[in-house]
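What follows is a group of structures, each given as structure tokens.
One chain, chain A, links the two complexes that follow: it is found with chain B in the first and with chain C in the second.
Up next, the complex of A and B:
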């Protein structure tokens, strides 16, 4: 799905989290929002997901105005920084949650839900953990379950907030490839937030460098590395 | 091989940094036990000893009297009405306080704590002033056949006022600690607000809620001050267990008074036992919830 961000600004009280920013995300792209903490990247992601609403500006999904769509109507697969798995449910129930939450008329039959959950568990290469609880999983496993849970609703886009933030370096590398593979398999427009420039450069097709609520530069990783547009970008990517 | 023989020497026992010396430990434990014995166990045993002073038959006979049965029935009814209502109000208040930022939040938290700091007698008098026959509202209600003061509604109001903080106070810290992430996740998965509440919020707070409800229940059954003021203590109509106990005691009917007191104490003990039993039964589940 094509995502268009049109002059979005966000005000928290008197502080501006986002100065008007505009950005076009082509369908099927894997985009990194890169910046230090407080740069507004998470706010922008949450606005896309419908968890925050902009003070001004519009969000367009496939050219249609989506600014006023509720979080449920957006159908965005959202992976939270701490994964936010439902701690009192098994992995199976976590992944099935979105399907069970559908109105009765659109809800798949129980067997169909089970089939889809099994398929998603295979996709994240953890076929045998359906009966476990989140507390019994490692950090990397939790992240993959969160991803499967987000994919279960057949989302129109995938939004990830610091998806590798809470993991150690080795697992992080493995899961980067995992996300790349899932993106390539599903073809979903994917936006992830990170403060790690290596991660952004290595994983994304398109990197959006942000600072103080503004977009500093948008481009392919190689282009940003070769030609940093501002002194901030040069310093931040360590070029 | 010589290493093995070396290991046979007495291992040195290191004390961890936070551990006290045995003498200090035992003194502290002893102080705790003595304090509990004097303040809690001894009086509790005394209640049962006096209740059974004339034998169990006399005690049971006094409990079978109409006044005693009416008091027990009234107290249980009051608890059965006011505790669920307070559970709902408590969850609603905790929800609003922890999930939303709004003007006047600090004021609302203070308001929830108010019943802890205001004397129950004052609370009772407030209800009399608000709903008594001489007040505007109360006069109208009495004229239309719905008396509040010296009747069941007044007792329920007084009980609810006194026990209001218990549920909310238990829930607020738990809900703050858990944050909003899981609820947000459920929303992005397409769940409606109510569905999120029943499938995510409520299961996550159920233990705190249960604990709050049990405490609230114990207090609701035992409330004396506020209820004494609003109920008028009419025997067989508005006399609850605590007020009946007091009246019996004033009339030097100590076996009757203490028998009823023993029943009230037992109701509280059953509440506590119930809580402990649930904790033991779901210990593993509790542990998983906390570890996460």
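Up next, the complex of A and C:
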């Protein structure tokens, strides 16, 4: 799905979290929103997903105005830094949650849900953990389960907020590749937030560098590294 | 011969580590308690302490068995269980729903919190005379004072449990299109259960504490009354027997609640 952000701004009280920003995300891209904390990257992600609404500006999905769509209508798959897995549900029920939460008329049959969950468990390469509880999983496994849960609703886009933030360096490397593979398999437009420039540069097709509520530079990782547009970008990526 | 002597230490090395940790964990857990009881028994029988004040444990045990055999304490156990049971059940059935409501809906919490804090800081025992004046010397005032004291731990633990549920979980369920009521029953409530149980266990202890105090002040039956009464009549072994029964009741109530929590929260117990 092609995403367009048109002059979006966001005020929290008197502080501006986002000055008007514009950005086009081509369909099927893997995009990193990169910046230090307070740069507005998470706010932008939440506006895309419909968890937050802009003070002004428009969001367009495939050229159609999506600014006022509710979070459910946008059909985004979310992964939060803390994963937000339901501790009292098994891995299977966690992944099936988005399907089971639908109104009865739109809910797939039980067998269909089971089939989809099984497929997703295979996709994240953890086929045997359906009966376990989140407390029995490692950090990396939890992250992959959160990813499978986000994919279960067959989302139109995947939004990840610091998806690797809570993991140690080695696991992080592994899971980066895992996300890349899943992105390439599903072809979903994917946006992830990170403050780690290596992660953004290594994983994304397109990097959006942000600072203080503004977009500093948009481009391919190699281009940003070769030609930082502003002193901030130069310093932040350590080029 | 040489094979045998070689075998022996090996066999011991294999068996001992298996038996050892189990024994050691029992010893480390109950060793002090056993030592205390042994010291009591020895001190009382050798006259190290005055046996009329601290009777030996076997005297207490036989006083307990004799009283139970003659049917003396059963009525007291029953009435004590009834008083604390009714009060505890009432506190749970008011405290948990009210706590869930207060934890979920900010204006209700804001409005109720000051008066609840005020009531909570007023000792239930200080209010007991007021309850007696209002409700009479019968069962109602005793049940009410226990109810009063047990309500607050349950209420506060429930409010805390609901408020501490990770906002991200609610947001995630919301993003999946779950209705408010579904989010509450399937996400908030299960996540708050462990905290609620902390309140229940605190309250169960408080219930027994208040039960005994209320029975000592204004009752003519119940285990608390029997402790007092036995002391007045100088039936010291019987007094201790009633005290041990009360301690046992407390342990049993706690064990029951832990078992219930284990059943309800299998998911949280796994690594804890």
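Here is the rule we use: the second predicted complex is superposed on the first by the 239 of 239 C-alpha atoms of A that agree within 3 Å, B and C clash if a C-alpha of one lies under 4 Å from a C-alpha of the other, contacts with A are read in each partner's own complex, and residues count from 1 in each chain.
One rule holds in what follows: a residue touches a chain if its C-beta (ideal position, glycine included) is under 8 Å from a C-beta of that chain, and two chains touch if they have at least 3 such contacts.
These numbers were taken from a predicted model, which means no experiment stands behind them.
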{"item": "Partners on chain A (chain B, chain C) - clash or fit", "value": "clash"}
{"item": "Dominant toucher of chain A (residue count), chain B or chain C", "value": "B"}
{"item": "Contacts of A:82 with chain B and chain C, given as first, second, both or neither", "value": "both"}
{"item": "First (chain B), second (chain C), both or neither touched by A:97", "value": "both"}
{"item": "First, second, both or neither for A:136, with chain B first and chain C second", "value": "both"}
{"item": "Partner chain(s) touched by A:171 [first = chain B, second = chain C, both, neither]", "value": "neither"}
{"item": "Chain B versus chain C as contact partner of A:72, first or second or both or neither", "value": "both"}
{"item": "Touched partner set for A:51, first chain B, second chain C, both or neither", "value": "both"}
{"item": "Residues on chain A lying within both footprints (that of chain B and that of chain C)", "value": "49-51, 71-72, 76, 78, 80, 82, 84, 86-88, 97-98, 101-102, 133-136, 153"}
{"item": "Chain A-touching residues of chain B, taken from the complex the two chains share", "value": "181-182, 184-192, 195, 199-200, 203-204, 288-289, 291-292"}
{"item": "Contacting residues of chain A [partner chain C, same complex]", "value": "49-51, 71-72, 76, 78, 80, 82, 84, 86-89, 97-98, 101-103, 133-136, 153"}
{"item": "Touching residues on chain A, where the partner in the complex is chain B", "value": "49-51, 71-72, 74-78, 80-82, 84-88, 97-98, 101-102, 133-136, 149-150, 152-153"}
{"item": "Residue numbers on chain C that touch chain A, as the complex places them", "value": "166, 168-169, 171-178, 182, 186-187, 190-191, 193, 265-268, 270-271"}
